[in-house]
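These notes open a run of structures that come right after.
Look for chain A in each of the two complexes below; its partner is chain B in the first and chain C in the second.
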Partner chain A sequence: MKTRRVAVRALTFTSLSITLVFAAFPVYWMINTMLATDSELYQSGQSFWAHLERFGTIPFLLNDVPIFKWLTNSSIIAFGSTFLSLLLALLGAYALSRFRFHGKGLAGFLLFSTQMLPEAFLVVPLFALFGSLGLLNGLLGLVIANTTFTMPVALFIMKSAIDKIPYEIEESARIDGCPRYGQLSMIVLPLILPSVAAAAVISFFDGWNEFLFANTFISDSEIWPASVGLASFIGQYSTPLGSVMTAAFLFTLPAVIFFLIVQRQIVSGLTAGAVKG
Partner chain B sequence: MPVLVEDEKDVVHNSKSSPRKNRLKSHSRGFSRWAGYLFIAPAIIYLAIFLLVPFARGIQLSFTDSVLVNPSGGSFVGIENYANLVTSARFWNSLGATLTYTATTVFFSMFVGTTTAILVNRKFRGRTIVRAILTFPYAMPSVAVTLVFIWIYNQSGGILNRTTGALGLGEVGWLTDPSFGMFSVVATTVWKVFPFVMLVMLAALQSVPEELFEAARVDGADSLSTFRSIVLPHLMPTIRVVALLMTIWSIRRFEIIFLLTGGGPVEKTNTLVINIYQRAFSEQQLGAAAAIAVLGLILSLAVTVVFFLAERRENVKEGTS
Partner chain C sequence: MPSITFKNLSKSYGSTPIIREFTADIDDKEFLVLLGPSGCGKSTMLRMIAGLTDITSGELLFDGELVNTLEPRARNVAFVFQSYALYPHMTVQENIAFPLIMDRFKGWYHIPILNSIMRRVLANSPDVRDRVTEVAEMLELRELMKRRPKTLSGGQRQRVAVARALVRDPSLYLLDEPLSNLDAKLRTQMRGEISALFRRVSKSFVYVTHDQVEAMTMATRIIVLNHGEVQQIGTPNEIYNSPSNTFVASFIGAPAMNLIPVTVSSGRTVIRDGSQAISVRCEQPDGDYLLGIRPEVIALADAGTASEAYVTSLEHLGGETVIGFQFKKPSQSNLLAATAVYSNHYARIPGRIELKPGSVQDFDINITAGVWFDEKTGQALNVNSEELQRKE
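Presenting the complex of A and B:
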């Protein structure tokens, strides 16, 4: 029995270590490449250990790349589509959870269908539609296109959270004369905040990662999001690799920090629900 | 042991029937129908304009010979685009690439994600930091992922070839050799998406009631049989849903493939989505691109329908047993 337990522990430890290396190595390699010297990268070969002492050179690496302008564009797309998605989704989730009406199933199907539809399918007709609406080559068009795909996800997350709230609380408010939008904003919304946070993270990530629409709709490099800007370096050798990796690192950093912070909130939200239930 | 499983089923049944009860209750409380429409309207109107209209336009385009420079100028050609597709080897290759990519990506990300979730569900020192590192790939934007992997896969200075070279295995064109292109794309994708599977599975594992584990311990069950008879049945519904999501997302995935290989080497990774993009924006044939998109959509619809049928059968089985 005891040897068996030791064997299980050894096996656990080994497989976990392999997965950890698998997960962490490319990230480490990004940082390593960012800090490597040009002569290492192009001639002698990159050393396995990162030159951490070269962190001070990062500001110089960024002279080659307008990354801060691109990051600003990415944040406008991410915040814009998150705000729009949450607003539309909250109202829709409340409707699907608390009301009965004809065509409810159809509405649910329409929302779900966005998950099966490849974005690449909509690129072509959206290109035509946005052209006639004057939305091509602007960030607003990207906010709109992204919201189409993130809003339904946000809506389903919030709907399942509202489903779990007992209706009695709203009913007592209704008897006290609280209007419907007040019940939603003052009773339902505070109770589903962890789910709103989860929906917000997912929407924000989609907006931050947005590539396909931006790559086809935006021709002016001034309003590229960071994803399209960074992709423009692929197969292009005039910008030093260290600069490209530094820009990629800066693009990754906010996403990872944001994810790690909010992930804890989501987890605690989930466990709080489990204790109560 | 069987008693435990029965108990668990009861819990599942209760949780399933309660929303139905709620719905009936809310109905009897006389909700006004119009308020419902008012709240759902913004979302539906939004989707009608930016999803349904372009969707209909896409279907209409697939029956025309429209070109990129003049999307509205094409003339109606009937099913010609579809007829050309089903007779072209390129389309079938693309369909095959989609299926290979989807099957391998889903299998390996489910496998790595689920086993990792089980491993980090145990209590050990430094568990928080280990979990944080493991979720890192999922948080990293796809474009940054591809930039790093292109450098890792690089034929001359890339760390992968330097390692295989040092080990005497020889060097490989990971992204340019037709026998390795698909492997490299799948490996990158699995790296990026397995944490999603892990996080969802972890949440499902933590919802396994502690009493079940205690009861199993009292009964003297070892860890393997505990896993088989308690944990796995509890995870199955989650595994099915995550597998469906991963499948649909794999059929849809664009950036990683487009930026790593652009559909190459020799069209080995030319999935339907990449094919649509190339037809529309490189070859400028909007009509043909739209036709591929319609067929791709039918594929993901078919997957979803099969999933829901299997799910219903599973539920019926559980109900009668």
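Presenting the complex of A and C:
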């Protein structure tokens, strides 16, 4: 019995370690490259161990590129599309979960169908549409485009959470004199908060990482998000690896911080179904 | 404090009828119990009274005023759900205060952020505070005020649900099987508490249950339902002593009313199963009937003086004995089979009686205390025992 437990433990540990290496090594290599000097990178060769002592000397203000401007743009897109997705998804999820109306099945299918089509498929039609609406070359257009894809995901996450709430709780609120929107904001929303957090993370990272639309719709380098800005480093003849990795490090940092903030909520969101309230 | 009037009320989903048209008048300050087996439409009827379910046709009147389209809040009703439906994210105190806060809520309080501020302000206002404390004290919930519903026991949750209903001082209390989630001992205790509550607040109650004991002990008036059809409306006494049809007769009472197939010819009643005759003359016209007799009206009699039957089972309940019997001579295998109850009738005799299953015993069937049912329709016939006695 005891040997078996040890074996299971060892197996768990090994498989976790392998997964961790795969997931974490690129991040480690990013930091490692960021901390290496140009001569190491292009001549003598990079050492495997990161030169952490150089951290203070890294020129984070990359003078020739507006990296902080780009990060601001990315945040506007990420927060904008998260806010818009959550708001629309909450209302839509409540309607799909609680109301009976004609075309309910169709509405669910259409929302789902946005996930079946690759984004690249819609680039050209959206480009033409946004062109005539005057949404090209602006952040609002990107917020709307991202919301198209993140809102259905958020909606289905929230809908399954609302489905699990006994309808009687809302009826009870109705008897107590709580109007419909009050039932949503005061009863349903607090109960599905973990799922809202999970949806928020998904929407945020979608918006933060989005590249295709931003690259296609935005021509002005001033309003590039960081994802496009980062890609612009990769030149036809040379790629300044140290600067790219520094920029990439700065690009990663806010996302990590955001994740750490909502992380606890997400874990409880994932286990919400397991424990009966 | 309304009287409730149902005028040709009915409910159907599409073409499926849930409750068939019926009319009833319930006085103010009645304890009305909607009684029936599960799936008979009693909960739907309660939800129609509450305003949670639309009324398909007919009129529902509170004090003569049409309330068909009124929102639940406007009807001034309180509802205790079977699952209690407490708000899981609120403490006991917040749960109880919620209806009061909603009463004081204005439209613009619903703006996010302002909403939570105003809820806190209202919850701390003296009148809300005092009222919540008062109700909590009445139901002995003071120690639990800061707890959340999931940390409470079943009985405590139930009391919180009642407190939340009580706090607003509604004119009509609606309770949907509030005791069915409790264990037997707690159920008896809560039954007493709800009866006490009814006497104290002296408002109208509508109570849904499938438990005839709850109905008989608490109600001042009962509506018996089956398959969406109202079977009988009356006081517990009327329902028990003069059931309007065989369904009501067999649904109420444990064991239920005996339904004995008999044939009457020129005043002579003959039990069809064993062709025993009952000596007492009856006034029914000739024909086939079902004779309804409560088990406690049947008495044991000496051999040869009453109707002879075969004992099939014995249950000693301590203070009394329930004797199962049948008029047809049972075969030996029939007697041993647990399913022999089909043609069984029951007598409830005080004290401890020792009889052997399979033995022959005379039973005194007092037909003057019986109810006559039409064998084909199952409806009770107008000439009931009281009228019979008056004739004599």
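Observations
Assume the second predicted complex is superposed on the first by the 241 of 277 C-alpha atoms of A that agree within 3 Å, B and C clash if a C-alpha of one lies under 4 Å from a C-alpha of the other, contacts with A are read in each partner's own complex, and residues count from 1 in each chain.
In this text, a contact is a pair of C-beta atoms (placed from the backbone, for glycine too) under 8 Å apart; a residue touches a chain by one contact, two chains touch by 3 or more.
Predicted model only: the values in this text are computed from it and were never measured.
After overlaying the two complexes on the shared chain, residue contacts for A:L191 are found with chain C alone; chain B is out of touch. In the superposition on chain A, A:T246 makes contact with neither chain B nor chain C. With both structures placed on the common chain, the touch criterion links A:M151 to chain B but leaves chain C unconnected.
Judged by the touch definition given at the top, the superposed model places A:E171 against both chain B and chain C.
Applying the stated contact rule after C-alpha superposition, one finds that A:A128 touches chain B and leaves chain C untouched. By the document's definition of touching, of the two partners only chain B reaches A:V256; chain C does not.
Using the contact criterion defined above for the overlaid structures, shared-chain residue A:A120 touches chain B, although it does not reach chain C.
When the two complexes are overlaid, the chain among chain B and chain C that reaches more residues of chain A is B.
When the two complexes are overlaid on their common chain A, residue A:S81 makes contact with neither chain B nor chain C. On chain A, the patch touched by chain B and the patch touched by chain C overlap at residues 171. Within the complex formed with chain A, the chain C residues making contact are 50, 52, 71-73, 77-79, 81, 83, 85-89, 98-99, 102-103, 105, 110, 112, 115, 119, 150, 164, 168.
Considering their complex, residues 8, 12, 15-16, 19-20, 22-24, 26-27, 29-30, 33, 41-42, 45-46, 87-89, 91-92, 94-96, 98-102, 104, 107, 110-111, 114-129, 131, 144-145, 147-148, 151-152, 155, 163, 167, 171, 180, 205, 208-209, 211-212, 216, 226-228, 230-231, 233-234, 241, 244-245, 248-249, 251-252, 255-256, 258-260, 263, 270-271, 274 of chain A touch chain B.
On chain B, the positions that touch chain A within their shared complex are 19, 22-23, 25-27, 29, 31, 33, 35-40, 42-44, 46-47, 50-55, 57-58, 61, 71-72, 112, 115-116, 119-120, 122, 130, 132-152, 157, 159, 162, 191, 194-195, 199, 203, 206-207, 223, 248, 251-252, 254-255, 259, 272-273, 276-277, 280-281, 286, 289-290, 293-294, 296-297, 300-301, 304. The touching residues of chain A, counted against chain C in their complex, run 166, 168-169, 171-179, 181-182, 185-187, 190-191, 277.
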